[in-house]
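Two complexes are shown next, each including chain A; its partner changes from chain B in the first to chain C in the second.
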Partner chain A sequence: MLDLVQNTLDGIAAGSAYALLAIGFTLIFGVMRRLNIAFGPSIMVGIFLGAWVHVQWSAGLIEAALATFIGALLASIYIERLSFAAIRGDAALASMASSFALWMQLEQGVSLAFPGRTTAFPTLPPLPDIQIAGLFLGGDDLLVLLSAGLVLLVLHRLIYHSHFGLEMRALADSAEAAAVSRININRVAFLTFCLAALVGAVAGLLIAATDGQITPKFGLWATMKGLIAMMIGGLGSLRGALLGGLVLGIVEAQAQWYLGAAAREIVVYGLLFLCLIVLPGGIAGVRDTGAERKL
Partner chain B sequence: MLEIRDIKTSYGKIAALKGVSLDIHDGGLTCLLGPNGAGKTTLIWTIAGILKAQGGSMKIEGENILGLKPHQIVSKGIVTVPENRLVFPDMSVRDNLIAGAFSRRKEKGGVEGDLEDVLTRFPRLRERSEQLAGTLSGGEQQMLAVGRALMAKPKILLMDEPSTGLAPIIVEEIFEIIGGLRDEGRTIFLVEQNAHMALKYANRFYLLEQGKVTFSGEPGAVDHDEVIQRAYLGARKAS
Partner chain C sequence: MDPFLTSVLSNIGLFSFLALSAWLLLIGGEISFGQQAYFAIGAYASGIASAVWGWPFAVALALGTALGAGIGALVAWPAARLSGVHYAIATLAFAELTRASLNVFRYQRDIDGYLTGPDGANGFRDIRWVYEAGIAPGTYLAIIATLLLLVIVLIWLAARLNVMAQLRMVGEDPILAGMQGIRVLRWKIGAAAAAGGVAGLGGALFAHMATYVEPAQFSVMTGVHAVAYGLIGGLGTAIGPLLGVLIDVGLLESLRSLAAYRMIVFGGLVAIILILRPRGILDETLVTKVRSWARR
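And now, the complex of A and B:
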């Protein structure tokens, strides 16, 4: 029983980072109705810029974080201009295929620039581990949880209590109604892309700083985790993305403990399969009628 | 006020508007009638800047506005109430209305005051101001769409088939609202299938058939039955 609770706790810590990735995907998908599968790789570019300033000038976490944000933002803008702004809004597949091409480009570019297999990343400041009633929460995990929680609070405030949030929700709700309501669709879409990049960069930063090292495969990893969490939660729903990320983290932790690392991936894909069959709308129950656009 | 000359719009190779010219005069209700597929909605979307015209000109108060983006068209004072009401279904009635005043967000007091005006004009929207727009009835959604358009302080209100899919008694109510707006001196361009109701309220009308304006006039001066028949069936049908 204690194991079960401990695994859940570990799962929530890992899941909060997944949730941020899923929210990044969801922001873009919700507003544009198009999938940016190069989202993970754009974060990867960010953390490599962070790692670069760390290795080059032995910069600390703050400078590396700043570089991560800038890198992710620039890579995202590059993807937005080429794969989204330049392609008609109703050509969703063209955008997805094009973002796949940019994914390969970014991954190869970074692999060439950083020939070693792994690159060092500054670690998180040490926080005391917490032990209560036999349960254990590492200092790193605590910091990840707190940061993710803070990002969620800021996002909630931005989306539901700001003017830009209203524009974003309006565009996600109905693009046609938004167009006749004087919303500059291109501008809102662009800013949403930037916002998603920043949220993703926080996730990338937390994960990279926890591990202390990164590889160019981070892009693939982040896209997979974010996509799976988004699909489990329900496409286009922010609440779903949050829940999906947490569920993914908890299921992974339980599977790893009870069935071993090899079985973990099988369990995760099994869960995704089951979700798509039994709950096609995800945990948040998004009704996929085209008219139902949740954010 | 709005001068449309020889507008041509096509979907790929299919020409939907084959050179449409018409004038929307200041103050009053100009109505566009026509059968299904005549290009009525295409004209509205073209004026709103959502569809691109291949040729022609479009001027408001002498200023060319052809080729502007939808939000720029709205800033010129041309505001659309789209067909099928197109509200934001998952946002509250209040947020829907505020969404109508997007570009005017700087004038804080103005937006609040206009919100109050719209809620006073449509008391049923006030009762439901915190409800999600998707849960409103069809008639209420139409009121919301009109209210949202009014929030943008329009010079010209473009209304695309406001009676579609509504019960006859609700249609009467909607037309009373439109009549009220006309009597306030607002400029309205109404696209309607329901020629019978439209002719009751219009100051001037145009008949659009197969992408061309084939007839225009003032409702009092023409044979309503003839216009109504052509509006529903098109001119090519034998009577």
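And now, the complex of A and C:
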């Protein structure tokens, strides 16, 4: 029983980072109605810029974090311009294929710039571990949870209590209606893309700083985790993305503990497949997501 | 023939099966990130049939194809009710599930003093039928080319019999197609079965050429590449995905001196092509134009 609770605790810590990735995906899908599969790789560019600053000038976490944000933002703008803004709105397939092509570019570019298998990343400041009634919460995990919670609060404030958030929600509801209401669609879509990049960069930063090292495979990893969490939670729902991330984290932790690493993958993908068949609206029970429109 | 050229052409042929498989589903209006699963199923099933059970090569190929088609239909049966992103992620989930299962799948028998058969993450060695039968790489290339041609002829026949036109209707607008009396769900499952069969056949051929397969070869990257080939080459004709493969593999070989920058060049090229032609180089408009020009 204690194991079960402990795994859940570990899962929530990991899941909070997944939730941020899923929220980044959801923001982009919400305003674009198109899938940006190069979302993970754009974060990867960010953390590598952070690592470069760290290695080059032995900079600390703050400078590396700034560099991470800048890198993820630049990579995202590059993707937005080439794969989304430049391609007609009704050619969603082309946007997706194009973002995949840019993913390949970014991944190879980073591999060329950092030839080693792994690159060092500044670690989180040491925080005391917490132990209550036999349960253990590492200082790193606590910091990850707190940071993710803070980002969620700021996001909630921005989306539901600001003018920009209103414009964003209007665009997500209906692009035509938003345009008629004198909302500059292109501007809002671009800014949302940037916002998603920043949210993703926080997730990337937390994961990289916990591990202390990064590889170019991070791009694929982040895209997969974000997509899975988004789909389990319910495509198009921000609350669903949060729930999906936490569920994914908890399921992974439990499966890892009780069944082992090889079975963990089988359990996660089996759950995703079943979830899509039985519960296409996800945990959040989304009805109209616009997903039934052709991708 | 030059052995290097033979191996490049064989690779182009094998990737073409995967690209055609993804293309068939694109025509039916669905994106699948998971066609590598049927490629893997075909490779493993035919490998077990020929190396472990000692079945003849042709029967092993048929088994790989049939299993790919059957499982394709079985997965599509519930999944075809989904659409868009849901379908794409469901296929991806199934493919990763297959890969993760192959990572723990062990089925080894003692064949001539050697343990032969899939060994989980260590892969599946010694699928040696082609080498034991003394088939030269050039001959094997001819086998690949013949079977690929057969698949293309079948698709061409389907186009002549208006089968492809109905599938395109389902892909363009399922609701409208349904109102015209087309059984949308059946067409989607049928397309998935055909796509699974083509991928299974390609996988079976791949396993016997490589003699060694491992689960890591059938990752998401392989599947996404297969979709990208169709989108680059064009959705208008079955030659489209082949053109996509040619551009990628051809560029890889011609830019050998620039191998380190290959993906940067290829990625940029694809991004530009897709801005200019969102439905690929050989898109429907171009194909129709060429057809009407040829008729004059």
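In this section, the second predicted complex is superposed on the first by the 287 of 295 C-alpha atoms of A that agree within 3 Å, B and C clash if a C-alpha of one lies under 4 Å from a C-alpha of the other, contacts with A are read in each partner's own complex, and residues count from 1 in each chain.
One rule holds for everything that comes next: contacts are C-beta pairs under 8 Å (C-beta built on N, C-alpha and C of every residue); 3 or more make two chains touch, one makes a residue touch a chain.
Note that the structure is predicted; figures quoted are calculated from it, not measured.
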Which of the two partners, first being chain B and second being chain C, lies in contact with A:F273: first, second, both, or neither?
second
For A:L235, select first, second, both or neither according to whether it touches chain B, chain C, the two together, or no partner.
second
Looking at A:A262, would you say it contacts chain B, chain C, both, or neither? Reply first, second, both or neither.
second
After superposition on the shared chain, which partner residues are touched by A:A113: those of chain B (first), chain C (second), both, or neither?
neither
Using the touch criterion from the header, give the chain among chain B and chain C with more contacted residues in chain A.
C
Output check: A:L135 vs chain B and chain C. Expected answer is one of first, second, both, neither. What do you get?
neither
For A:L150 in the superposed arrangement: first (chain B), second (chain C), both or neither?
neither
Quick one: is A:H163 in contact with chain B, with chain C, with both, or with neither? Answer first, second, both or neither.
first
Going through chain A, the residues touched by chain B and also by chain C turn out to be 291-295
If we count contacts the way the header does, which residues on chain A are in touch with chain B in the complex?
163, 166-167, 169-170, 173-174, 176-186, 291-295
Chain C - residues contacting chain A, complex
26, 29, 31, 78-79, 82-86, 88-90, 92-94, 96-97, 100-101, 103-104, 120-121, 220-221, 224, 227-228, 231-232, 260-264, 266-271, 274-275, 278-279
In the complex, go through chain A and note every residue touching chain C.
29, 35, 37, 82-83, 86-88, 91, 93-98, 100-105, 107-109, 112, 220, 224, 227-228, 231, 235, 262-263, 265-266, 269-270, 272-273, 276-277, 280, 291-295
Which residues, counting only chain B, touch chain A once they are in their complex?
48, 50, 69-71, 74-75, 79-82, 86-91, 95, 98-100, 102-103, 105, 148, 152
